[in-house]
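Multiple structures are listed underneath, in structure tokens.
First subunit A sits with subunit B, and in the next complex the same chain sits with subunit C.
Presenting the complex of A and B:
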């Protein structure tokens, strides 16, 4: 089976144009739309349905920075970054713990404005993290091997930030009822 | 997903939530995290001069099983020597709490946290 990048006719790069990606998604989904196969055989209809699932799955991987980076590591270094592991970097984890404590305080106070500001802070941390992952991927080729273990560590950090952001959204929804 | 009664009990009435000053004499701090689910766990032990764990505290941000696993392990380690505490296996936690297969990693995290706390204590108390 084709990897998500191949399926979308993209070079295996971490950086990608989101608009181009969603345009491609629309075109590809149209080409396998059930209406086109309404008069086709059962086999053709089934094939179109399977293709639709493949396209949606691949899109899910490509649009998420975490999953896209994991897919690239798998592709370039044969590394499975989705395994359940334990991270032990005390400085980073202490910072994450403090962020969760801050979220807990804001959430208890039902401080909607505070939560929105906090979400912005985490988003900019996420952007910085995505930028440093990108930088590590771009280093490959300039007489350098891919620092796959280092990239894996940076993806882990992005995953913790992602989780904090999801928790902020959940806290906001709870306040709004 | 259905949680076991023991998980719910520890989740609703977590034991030993809180912190020690990590610079305090005899305190060991373990920080661990699971990137796949974003859980963060801090586990601290307070050890007497003869190497027995007098008290333990934890703070966990994560799912019910992660909170229950850390709550349970803080109860278990009290009164144990640091070496006994380090020998606690995640499978014992998982069995006690009847964790389903998808939540086994929560018990692994608690085991890793106590190991990290003990090695922090040992590093600080090299004799």
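Presenting the complex of A and C:
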């Protein structure tokens, strides 16, 4: 089976143009979506469903920075990016603790405004994290190998931020009832 | 078992022949059917000119079934045998619905459907399940369409699109599809009500951007966020509450009326009357600030302000769902370009006011909120049946609720998160726990909560026929496939041996395939139709559909994609099928269809790849 980049006719690269991606998605689905075969043969309906499933799945991978980085690592270094990593970076570990604490304090106080501001802070941290992952991928050149272990760690950090954002949302939902 | 009836039985359709398709809005309070005629989508009236068919079914002692206005007359006089709001029972469990006041404790009973028991209604000595009752409503709608379209006695609708609340779970969708099957309808697609409304508004015409569809019906609330770009409707997120609607306004007002009149709140007759009065009051206060009300022995004035107070908590609940759904789409309320109002309950001034305040703009209400969903469904049905050119509009929808499996300790492991575009599939690997183990069970649930008990149980899948191996050696790959209707299918394979595990599905609240067939059979026997003849016709129609589809594909790019041998193999199997389909041997026709299917499987897949390649080239040219 083709990898997500191939399926979308893209060079394997961490940087990608979201507009181009969704344009390609639309063009491909216009021709293979099951709705195009609603009165076709069973085989056509089945093939359309399978192709669309593949395309939707690949789109999901390409759209998410975490999953895209993992797919790229797999492709370039044969590494399974979804496996657990141990992060030893003390600055990050400290930060992790502080962020969890802040979330707990804000949700205990039922501080909606505070939670929203906190979410914005995490979002900008996410952007910075994505930028640094991109930098690591771009460094790979003629004389430089891909620093795949470092990338794994950075992906883990990004995942942590994502998880924190989801927990903030859950906390907000809980306050709103 | 799919009932696909595209053309007049026995006749093969010509490629560009117009086929009749309809869109059905199967609502909690009212249902409608619409079709596209001469390029215009419109809802169809009954002989008296009513477009809305009340979703009420009455069973008389002599077995006569009446639906709609003729059933509504019995609502007070024979309330025990008159069923309204049946949509609220679809795909649910008895325990879920006992709190709904639309049904009495006497009425609700066990249907014997599903592991956990779908509720049913006791009418005289018979038990009617929600699927059958909904089927009666669908039959009446289909008859209305057939007579409005001037179809002959042996002609049928080619296919229908039925709308469901976006927030319907798998069991509720499956129940809807089963009801259509019982009514003898070919379902082209189930589509979500808000998406249908978006189609009706023709939001593709120079109206690109992000739109929110706020759909408050009688018994359900849906909110969907859609992005429209170049004829593609992409659902970004969807949310709502499948047990919240305008009926709750009526109930809140009715409860207040019962209190005012100091009537016993357990008095069903009084409560039914209070509900009718409540609806009247609500509707009258749409245009008036205050009205005089007489209810039982109570007389007095009711001001809009009072009912607004009663309705506010319900509307606030909908706004909370809006907030969550906009967030799920990764957007803010300010990103919404337009907000479209759907469903009769959006006529309530307070709803429009509060929604307007939340989105900071005037909501769109130009199409009759009662008809907009059926109209959109009709437009989509017309496209799916092939009456329109392909490059028009495309709906890309999402899974409304996360799918998960039960793990140790009654916890849920999410497999496919909500708002994932469909169709989609995910695979999971399991292994055996004991030496020689040949079976295992998987419990699939739907919902966002962490505990199995807090989610909706969909089905238990029992895998059998796993080759006996030592514990932990077997690799069982279970694939969860959600199709374009949002329905789940599960496949399992032992990957080291390639053995397909047999799956037995035990739906928690739904029918198994054999139960559907059984119900279909008995309903046909009752109608004294010739089952054999009907099955033969279905098979012949299916055959001509396959012949036409495969021929069209061969003509399109068969020569390009196939070797001469492959081409000839497919062509000869098609010719073979054509000959056999003229006979009366149902099994032989089935077999011949299967051969064509097998022969053309590779070809279908090659065609998809060719289309993708073409689409990608196209997009690159556009980019320049």
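Keep this in mind: the second predicted complex is superposed on the first by the 167 of 177 C-alpha atoms of A that agree within 3 Å, B and C clash if a C-alpha of one lies under 4 Å from a C-alpha of the other, contacts with A are read in each partner's own complex, and residues count from 1 in each chain.
Criterion: a residue touches a chain if its C-beta (ideal position, glycine included) is under 8 Å from a C-beta of that chain, and two chains touch if they have at least 3 such contacts.
What you are looking at is a predicted structure, and each value in this text was computed from that prediction instead of being measured.
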| item | value |
| --- | --- |
| Contact breadth on subunit A, by residue count: subunit C or subunit B | C |
| First (subunit B), second (subunit C), both or neither touched by A:41 | second |
| First (subunit B), second (subunit C), both or neither touched by A:159 | first |
| First (subunit B), second (subunit C), both or neither touched by A:169 | second |
| Partner chain in contact with A:3 - subunit B first, subunit C second, else both or neither | neither |
| First (subunit B), second (subunit C), both or neither touched by A:132 | neither |
| Contacts of A:74 with subunit B and subunit C, given as first, second, both or neither | neither |
| Touching partner for A:94 - first (subunit B), second (subunit C), both, neither | first |
| Residues of subunit A at both interfaces, subunit B in one complex, subunit C in the other | none |
| Partner subunit C, residues of subunit A touching it in the complex | 7-9, 20, 22-24, 26-36, 38-44, 46-53, 55-57, 59-60, 169, 173, 176-177 |
| Residues of subunit B defined as touching subunit A within the complex | 29, 31-40, 42, 59, 61, 105, 108-109, 112, 116 |
| Residues on subunit C engaged by subunit A in the complex (per definition of touch) | 6, 19, 158-159, 188-189, 229-230, 232, 234, 320, 323-324, 327, 383-386, 390-391, 394-396, 420-425, 481, 483-484, 545-546, 549-550, 553, 596-597, 600-601, 603-605, 607-609, 611-612, 614-616, 618-620, 622-623 |
| Subunit A to subunit B touching residues, read off their complex | 82-90, 93-94, 96-97, 100, 155-157, 159-160, 162-164, 166 |
